[in-house]
């Protein structure tokens, strides 16, 4: 069933119209990577797309034209590659891909592009890529990180910031589509390997393979997850994003 | 609703099981590009994924494990960039992306990978990419081109081979989801610019921007399209592909 | 002995004149790869250059200025690398090289460039490369594939399409220079390994190393080759190409 | 005067000894970019190197062998390029350079490498680079960000986190070498352009050219800077880093 | 007429035999670039190939197996691009190409590879490329520069070192094939633009476009050229090269 | 202590002034590589920077504005990698880095850029890089090679051209800072492995790993080195360079 909020569902003339209206284009960027024994490997992509759609619809309701570009599913998950099902680009390839997507969108006249990110591993390569993207395009492309939008983690018992496959993330997927969560989540929790103090304090950071940080691929307490918590989280994140993207001051800025 | 034929819907342990069973992995590769005034720009991606799913299910029914990888949506559509909504990688970037997807899939132990292509523009870059992909992986990745699977074009009145946004392609989308086709298709037909004889005979081929070959972005007679024709086409293509991929001789071949 | 049809033999001022006359530039692209126990490894390059020269001369006789660029000899032969003597670029390097040659030719003012291809392995990478070449140059560079020009394979007994080192190709080299064919060809024939049905039907295509398809590197029946057959083939191919390239409509086309 | 804490000052045999002792190698990574009307453009590089040397000496005093690699001076400053004197690599080139430096250091047997960063613009590209660096080397290279080490910003009146050319940074340079600070700093303060709320909240982040965020290239209140504040900051940062890097648990971790 | 000294003329089994005999492989590297108003643009390639063939034959006569690889014709001539007919790769592409040719030759078992260079512009990129080529292959590939082999310039009146299109080079082409030299050479001489003293002394060197150094593209006195001088030069160069390449000590060296 | 001849020590406004005055920018390019058992691995970088500073000061004294850019320390030393402490970029990465530094310097308006080279291994990659650098920038960047400036090797007993870690180089470092030379130099001399005649004559050149040419990493007679010899050498080199760079004819040249 056609959903006109989706770029992929629109016809070429419809997208031409959206460009003329200077619509906000949200590019959901997710991941395809292990999410513990209980969640679908695509769940970062599903959440990225789901919340991008809800954000776009909400913007439309406020009279701000918006559209959701195709979801960039396979992104930066090299740290999960030792768990089955994880797929990843190399960071440098990801950076090229993001640049070419943005270049095409800009070529059609769009000037309000948002990377609607749903996966922490994309943060550094996206920010590194935006340097050259913005300089090339001549206007700023914005990075809207889901972790930030979810930050207050309203209603969660065990997380102040979203953890991999934990209470928050599992709740979000339960809210999105509970069939994508195996019931085993009720008996599962993160088997976290404690990090040295220097890492905990952020004084020394690095890239680790995920299996060295959690033996079952889960970082938080997914057994605490509920559908209701997910709905609360999602509502709050969308609201925060809509306020952010509805601000004309954001779009008036030069690179 | 979880669909276990989809890689993205499976959990990591489920994909580990599929690798152990040596499942066939179909990677739908489509496009995001104009399809005339009447069709969704994502339709090549939708058809690629739809038929990959039907092929995988049919293989499963014959006892051959199969799974559908994420769809590579934005691929090779530079020739359509002057029509709104088209998105494309550069061919060299596409080749890198395809190589990295296949590398990851192989890293999990899968040895039966099929590029389930749904877009003509992907043909040359995919074949060029497979040279290095196969040499790197040590087993052959197969390219299953939809145009070939659809070749007999059973039931079509105006096409012997599938044309861009024409009778066949529009019929397929009507069969897939008719809400993705604007009713204007009934009054629309290809505004083809005749090609010189040398091009028609294949003696001189080249890359043209689509607007130089058809002013409205349509190459065939979409007004002849019907849902029924699309169903016949799709059934036949899936059947042909299933026979092809069920042949053990295919998988026994070295690079 | 100076042959003014050859770019390499002309002086700089002579090439300046040819550019002013808007001459057709044919770039022979061949291969350096095994051709069975009987043929010189350079034979694809020799035939590409030979037929390009005959085509150019014939165009000149019709009053159409033409010149033959240096031959790109080492191209796409990674599939033959397990046979001694084969040399190859990686496809991505080949694509860069082709782009840089065309860029230089265009920089001198030429606007009619033809890739006069003599080797099947160049097809996909050349077509992939032309996407960016044409967009960069702003005019279409044409790909003239020898296999197409030879297609009717007039006079051959065992081939409907030219096979590697078979009746047609061996006949062509006998016609070009019979000293480049070892007499062993009379007792040699292709030791073809049968392909699975899916490959034969084109439903699943891939890149194979040549030794998996023919143990002696020959695909057809070279023992049927004769010099006369080669002359007939060559004459027909040149005629077809000349008709194609003499058509002003070809050159009037935009990218 | 030879300073044996510096890699560049050591002889080859001395570095061979350090490798055998499994010394910690600190790579100072700075920047060459405008720092307002008052500070030397190299000051991020000077501070990075200065604090790396003090950290290394302090580690040595605790019996932990350490050495300071050459300083990577020109790094990621494209956002400052519209101010005279700024020099920068492209992020992708920076990532290659970092990888090759680490590869060489590891080739000599060192297994404890720390990127001692002194410039915020290096954060994303360094983190993006570490993905492939760690996977290639097989042990984790650590990123020690100065901003984090300085975080409590003890003794500063106007900054909770270090700002570009502000109170903290100017104090650090005064402490390092006050001749590198033009007295004009006493009458200078940041001419900050207020950011939209969404950016302030981190909900939408992007790369901006520095002149759009501060017209004189200064973000904080440099007029509050003093040499003493700089000494306090530097002492604290070195102490924190030494504690972090002296922790054996850090070095015991796999990638 | 088959010339078995040429790689391109040999069959695959013949090249397999040559590899077993550890034959010396000479790769002629030339140029396609303007050579004044009087010489064919391919002359650097012709001389490179001609002298490589003579060197190889002479080695064979001494019992040292040798073969001449295809000639790399289009190489490093960006400095000549403002004269019609010049063709060039970018240096970085040239370096890739050279690496891939050498990799293939080595893959067939050859361990004695010589770059038989005939063009000064190839010197720096070839030497830069050999760093990675030798490290990859594990044995040294040698660069035999024609300028050095011709250095004593025996018999020349106006040149102590070979100049572009001057007395020596024109004599060589007269000796190779006088039809490739336009008689205008007798009335032509270099229209050299004097270089600053610093350049003449080598204290400051750079890349200049050729038209800034000589307005007619000629650097020496071609009017003094004779066929006989060319023969003397060629004989001497071949002799010197043969002595060099016949020395077993050269081939015994590691990288 | 601020040294205004150094780019890194200047403020942004000071560099803006220097650009307006069209100052000469010297980029010292050195190396980080073994220099025998007696010298600091950074000595090529130290000498490159030291002599660049003296050259710049001398130019300033003649009324020619000049400034010394940051030193490119890690450059082309892959041939030394088997000796501890050597660091190197790949040649192709070095070429990118050099191009980006020059691009930035030119972006600020400087038009007189000099690569003040202090290491032989940088020669080929720098010259290869200058082809594209000059074409991109539109003005010539000059390569000032220290070996040439030192060529007469005034006052040396054992060297006519500077050898690696020999009499000349060790003398230079003694003159620069004798604490960077271990007294062991008095008992050390090059353990040179004799090269084949063809290499000595330059007829066959290649890239060798340094340990194959000298077992202790020293090529000359460092035991003959004295501080006084170094001062004489340095004075002469600086004088020669100043004369070269003070010549307006050099800067008037186009690419």
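Should a chain be cited, it is by its letter among A, B, C, D, E and F, assigned in written order, with residues numbered from 1 in that chain.
We adopt the following convention: a residue touches a chain if its C-beta (ideal position, glycine included) is under 8 Å from a C-beta of that chain, and two chains touch if they have at least 3 such contacts.
Keep in mind that what you see is a predicted model, and the values were worked out from it rather than measured.
K.L.:
Would you mind naming the chains that touch subunit D and likewise touch subunit F?
P.N.:
In this structure, no chain contacts subunit F and also subunit D.
K.L.:
Starting at subunit A, figure out the least number of steps needed to reach subunit E through touching chains.
P.N.:
The fewest steps needed to get from subunit A to subunit E is 3.
K.L.:
Which one of the chains is farthest from subunit D, going by Cα centres?
P.N.:
The chain lying farthest from subunit D is C.
K.L.:
Could you classify the subunit C-subunit E contact as same or different, where same means more than half of all interface residue numbers appear on both copies?
P.N.:
same
K.L.:
Could you grab the centroid distance between subunit D and subunit E? Build each centroid from C-alpha atoms only and quote it in angstrom.
P.N.:
Centre separation, subunit D to subunit E: 49 Å.
K.L.:
Could you please state the distance in Å, as a whole number, between where the Cα atoms of subunit C are centred and where those of subunit D are centred?
P.N.:
Subunit C and subunit D have C-alpha centres separated by 56 Å.
K.L.:
Among the residues of subunit C, which ones contact at least 2 other chains?
P.N.:
90
K.L.:
By the document's touch definition, which label belongs to this structure's chain graph: line, ring, star, complete, or other?
P.N.:
ring
K.L.:
Quick one: what's the order of chains around the ring if we set off from subunit B and go to subunit C first?
P.N.:
B, C, E, F, D, A
K.L.:
Mind listing the subunit C positions that touch subunit E in their complex?
P.N.:
These residues of subunit C touch subunit E: 1-2, 6-16, 19, 32, 34-42, 45-46, 69-71, 73-74, 81, 83-90, 93, 96-97, 100-101, 104-105, 107-109, 177, 179-180, 182, 217.
K.L.:
Flag every residue of subunit D that touches subunit A in the complex, lowest number first.
P.N.:
Interface residues on subunit D, with respect to subunit A: 76, 78-79, 90-92, 95, 114, 123-135, 140-145, 148-149, 196-199, 201-209, 212, 240-241, 243-245, 247, 249-250, 253-255.
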